[in-house]
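Two complexes come next, and they have one chain in common, subunit A, joined by subunit B in the first and subunit C in the second.
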Partner chain A sequence: MNKTLQNKIKPYIWLLPSIILMAVFVIFPIVIVFKLAFSEVSKSGVVGGFVGFKNFRDAIGLPAFKTVMLNTLYWVVSVVGLSTVLGFIIAMVLNQKFHGRKIARAILVLPWATSLVIQASVWNYIIKYEYGNLNNILLNLGIIKEAINWRSSYQIEFIWECGVGIFVTIPFVTFCVLSGLQSIDSTLYEAADIDGASYWDKLWRITVPLVKPSLTVSTVLNIIYVFNSFPIVYTMTKGAPANKTDTLVTYLYMLNYYNRQKGPATALSVIGFLVLCLCAGVYMVSVMRKEEDL
Partner chain B sequence: MNDRKTVGKRNRTALALLFLALAAVAVLLSLPAYRFTSSVYTKKSANTFVGDEKYQEVRAEVDAVAEEYRASGMEVSVSESVTERTNSKGETTSMVAFSVDNTFTRTGWSFLGAGIGSAWVLLGILLCLAMSAACAAAGTIGSIDEPYRELDGRSASFRSASYYLALIAMVLVPVFFMVNTVLMSRRVGLYIEGLLTDGKEALFSALDGFLFDGQGGEALEDMLDGLKFKNTGTVWLVLPCAGAMMAAGIQLRRGAIRHTVMRGVLYAFVIALCVFILYPYYVMLVTGFRSIAETNDSDFLHLFPVQWRFENLAHIIDRGVLRYLGNSLLIAGGATAIALLCGIPAAYAMARMCFKGKNIFLGFVIVSQMFSPVVLLIGISQLMSALHLYDSVVGLMFINAAFNQAFAIWLLRGTFVSISPEMEQAAKIDGCNTVGSLVRVLIPMAAPGIVTTLIFIFINAWNEYTISTVLISTATKRPITVGITQFSSFNMIEWQNLFAASLLATIPVVILFMCIEKHLTSGLTAGGVKG
Partner chain C sequence: MKKVMAMLLVLVMMVSLGSVAALADDEITLDVIICQYGPNTEDWFLGSGMNGTNFVDKFEAENPGIKLNLEVVSWNDVYTVADTRIADGKLDILNIDVFANYATDGLLEPVSQWCPDDLYNDFFPAFIEQSVIDDTVWAVPDLASVRALWYNVDMFEEMGIEPPTTWAELEDTCQTILDFYDGKVYPWGIDMTTDEGQAAFAYYISGNGGSFIDGENNWTLNSAENVEAIQFALGLVENGYTNPNPATQTRYDLQDMFAAGDMAMLIGPNNMDTYCAEKDSEVNMAYSGIPTSDGSTMGVAIMDRIMAFKDENDPDQAARDEAIGKFAEFFYAPENYVGWVSMEGFLPAVNSSVESLVAENPDFATWLDVLDGCRFYPTSLSEWDAVKQGVIAAEQNALTGASIQDELDALQETIVAQVEAAAAEAE
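Take a look at the complex of A and B:
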């Protein structure tokens, strides 16, 4: 009897450190954020009583709310969409056999391994108008005659931020797709060759369907990472001018730590969290389905 | 036999094409390559309106000057430009500037003797093409009917060389134009503005000799300043000729042009991609070792620092970068240790034991991967102050460990599942308990997977920025990602220090990442990574 009880409890003991760690540092902050979102929070951070949805109404009423939400949407859609397409193409190329493939893959890893603050700082320098490296190289090569102002308006600056986002996201997509490509049984292609299938036939009938699970996983994960990406926007523009280039996470950071509007900031946190939960749900379904397939 | 006949016929056509293209190159280079326009005489006439009396007078004067030049055999034309201004009284004044322009051309061949940098490029192109033709001839003499695979080694390498030489010539053609533009426009402009002095004499006297037959004299700077040039496109036509020679080389070499072209496109794509990805790292490297003046100079001409300033490193170390690196090491190392200490038992339980709620826990693990600390920033900072871990390196360790926990469990579980439990069972029969079998048997066997997980968590924690900026307020406790921001304040960014420090922060993780790169493709999508 004692033995069976011990066996029943044992797995939970093994899980305990992990559960405690996550409960304290992951679950607890979630609870705190939810509690704050429905409480009155003063500028100095003193938490008052329950106020219902007041913080949410305040957040939605902020002048920059609509811009920030739209920016977040553009940011996520453009970065995830383009990096998925480009990453897929690059993965197809890197899956070929050629000299230097290993080197090419090692180089592709670089943006992934580099801290986003550093990446953003470097691009910030590259596109400087007065002395940026891009203008310098183009001038020296004689491709342009006069320095181009690469960041003449905030819309263009935002596009640059998206560009840097795409640059750092591509390696992840590429390696996800590569792992999918490598698991494809090569006999499928041989059989298709015997049947006289063209390159495009093979691409659409074999490659794409079989890579789809990896692509789904990488896309959903990317939505979450990109949604949460803070350093690029923060380093390159800090949301200037007037929150016109802010995304949700940089905006809530500014709101909380610079403008001291803690109430609306926590409400935005909750909104962001719920969006992520939605993505997490989709992700879980797709991963579970993949698990069943295995 | 029939096969040999077709091969021979094709090879002969290819060879003929090759020499035809070479001859075409020779012809193209004797045509005008650049058309230059420089003004030899200018006359400004104030208070003049187009068509009025004064205009007519000056115009006649300028025409006479032009006529003189024509008499001496120059091809000149007269151009005029009108500047109109309205002064404060509302009156319009107009000024007409006349200019006698000398238009002349230079052939491709003449560039060879010009004594400027592009001469060497052109020489290179010609040598490559000539040698390509020579190699093609040498590789086919006595073996023209034989396909590549039946050739002896010497002929085969000659045929290969022919192809590669033509390829190099193709690459050099755009380089020729670039060098010309840089020298005749950008470089000249910088010399005239006095922003650059080294090598001015040599370039100017070479251009004087090449363009003005050494007649520039005092007016040389003005003449070069007003110089306009346009390429006529004939040298660009060398490109398709070289392409044709390359195609012929391919035919001689393999007999499969399409395959070779596809490979060419593939390599071009990969090289372009690599250059693009390495570009920011190149910028980081060269800017990190430039002097402060050079980083803010819009006119520096050098792809590499004039002088590599390694003292930048000493300077940033003085400013505490080593301490920041140490903090990062501590935070990332601590986070990795905590994550693995908690994660390995959990992953073991998930892989080897059956219990109620296993799937719920698995689902939770997957979902918790989604919780980014950024959205929860406010909650985390409240929690940390409650735990007295605010502004503490230990607090950052725990946060990083917790947010990487899901990933650790997921990846380790995958590794453990892939290892057969038989060895552990054998160890248990020999008297090991569960902990013993895990430590002595499973962990050594799963070492590659564990190392991959370890490195991954380490890198994620090393590169973490947002939480650290919020939680750390004491300067000496900052990790490197936050530490480097001290080099960029609102009014002044010390680019050279920023990038020198960034290099130090980037190199270790990049090396670590490259070590696990080959494991990235296996089991990556199953776990889902990147922080």
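Take a look at the complex of A and C:
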């Protein structure tokens, strides 16, 4: 075999293990889910024949479908949006030189490094009406005279879930942005200072454009992670009352394993997959176009 | 030389595989899933909780040729695990609450195929009746639990009141507790979560002369009695007589509050005292009948089951059925079953263990009397799963302001449509 041919084949050989792994653990399950979404599936999981779009019609016709889709939208937009803004601000602070910066950075990793189930359980205890830490602290400080029911309605419970989502997502954004900030050449800021640029001029004309690639990566990954995030909602409310705090992922889990409506559940997971591909795709294309325009 | 070595290696592998196959031919392995009823279940089946040994080791020692691949699974996961094992064709015996869907999907082996006659005749007939579809018995009961009103005796003595027997008395008692303890104690507990919201539905409708089904097994979910009963339960929540978040606080949360002395009354299982003792509770507790709208007596019981799955690939069906039968005989043998039922704190499903259990704990006699007049969930109807989830969703929607009448009307319509669709398919 001549060297040119060998060089041509080599990259594919190196890629082969990854391709095999992807095929077995990613593509094969996706194909199975698509197949199930168009098949009749009994409550015990027995797979029957092809039923066309019946499972999709059943899924869309479910009473909770609209609520769940809206909740998913609120969940993704609020968690990704707010954690990006807050993560960016914290990264800017952590990029400054101050005493204890290393400790501050280490502390910031903790929410990210801890299991989401544990995070959600801890927050559950914090806001618990009967024995919650938040009520205890406020009562002991004399700020409140009677314990407050921090979960008095499902809307408030959903806000708490989003809050926990933001809390655990901030570190990831912060570290992505921080890596971007540290790669900016300081001479750019020195030149801007000489030209008399203000803090905001430097932020919008140097920092933001140069951090944009890091932000793009963190946002796309966050959209995928947050959309597919299961532990926070499931641990805090299990979607109760009556699926009013469910997101698509927790809802399809409950539909599959609790309601045992396996056909509509797989149809919903296909819908979720397509929505996610669309969102991430549109975002990536728009960002790439803007970068090309620059 | 290399070729010779390779051939030898292949030969050794073939011989060893052959011996494994030969060993496998003589043995039957049963894949079993048992539900985790309490903290000691796993130890009893797999650890050393059965007088220093465990169920599996003891069974295998007494039944050479039968191996148990037994897994103890929590109630939260058992449906998922069972479905996965069914899909893989690796499930012979399952301990769970529901059975109708497995039976209608043609997955279960009828009880008559594997249960020895002596054992079959030992089960309480009223329990066996709960597992019949189309005149075939598909599962056997493993235990039962009855529910009662549990109350904090010290609190009631302090207030100088008696436990309520009617709904009017219940409301008065709740108000008294609220006033006496200045809102620091929840008078009443309600669980309308996905964990046991169907039980709350059953307590209140049964206490108002309502039911899930009529005498001919037709669903009656939106009957006037049922709607009125759930409206009463929702009224208790609205009046501030209950735990604040019934849609997310499970019965275990309520039991914990009761054990901590933060709740005065709740409807709980017959093993509440054992549960509270495990929590080191110092609450002095007692039980009485569940209050009803007119003070008449009413009981709700819950029963779980053991069922055997088909394995059409097994070449020797008779041997497999016999092995499953031996498992059942061993499990229900008084020397094993009595220890298990007392450990879990439930009520027995077979006559042969009653005497020993009552001798061990006289309270069992009272509970068995209560069990006599109890109603069970209509789990033999294949729509039960949908009904169970539907009534919980109806309760939770009503908690957020929806009309319970509208909710139950819609549920009734959905379930009736399912019944009609199933009937049309059967034709």
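Just so we're on the same page, the second predicted complex is superposed on the first by the 265 of 294 C-alpha atoms of A that agree within 3 Å, B and C clash if a C-alpha of one lies under 4 Å from a C-alpha of the other, contacts with A are read in each partner's own complex, and residues count from 1 in each chain.
Just so we're on the same page, a contact is a pair of C-beta atoms (placed from the backbone, for glycine too) under 8 Å apart; a residue touches a chain by one contact, two chains touch by 3 or more.
None of the values given here were measured: they were computed from a predicted structure.
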Partner chain in contact with A:E157 - subunit B first, subunit C second, else both or neither: second
Partner chain in contact with A:Y257 - subunit B first, subunit C second, else both or neither: both
Superposed model, subunit A: greater residue contact from subunit B or subunit C: B
Touching partner for A:A240 - first (subunit B), second (subunit C), both, neither: second
Touching partner for A:E130 - first (subunit B), second (subunit C), both, neither: both
Partner chain in contact with A:A197 - subunit B first, subunit C second, else both or neither: neither
Partner chain(s) touched by A:L108 [first = subunit B, second = subunit C, both, neither]: first
Contacts of A:N140 with subunit B and subunit C, given as first, second, both or neither: first
Subunit B versus subunit C as contact partner of A:V282, first or second or both or neither: neither
Set of subunit A residues, in rising order, touched by both subunit B and subunit C: 45, 130, 257
Residue numbers on subunit A that touch subunit C, as the complex places them: 42-46, 129-130, 149, 151-154, 157, 237-238, 240-244, 254, 257-260
Of all residues in subunit C, those that touch subunit A in their complex: 79-80, 83-84, 86-87, 101-102, 105, 107, 192-194, 244-245, 247-248, 257, 262, 385-386, 389, 392-393, 396-397, 399-400
In the complex with subunit B, residue positions of subunit A that touch it: 8, 10-12, 14-15, 17-22, 24-26, 28-33, 36, 45, 90, 93-94, 96, 98, 100, 103-119, 121-123, 125-126, 130-131, 133, 135-137, 139-142, 145, 147, 167, 172, 175-176, 178-180, 182, 213-214, 217-218, 221, 224-225, 227-228, 230-231, 249, 252-253, 256-257, 262, 265-266, 269, 272-273, 276-277, 279-281, 283-284, 287-288, 290
Complex contact set, residues of subunit B against subunit A: 177-178, 181-182, 185-186, 263, 266-267, 269-270, 273-274, 277-281, 283-284, 287, 295-298, 300-301, 303, 338, 341-343, 345-346, 348-350, 353-355, 358, 361, 363, 366-380, 382-383, 398-399, 401-403, 405-406, 409, 434, 459, 462-463, 465-466, 470, 481, 484-485, 488, 493, 495, 498-499, 502, 505-506, 509-510, 512-514, 517, 520-526, 528-530
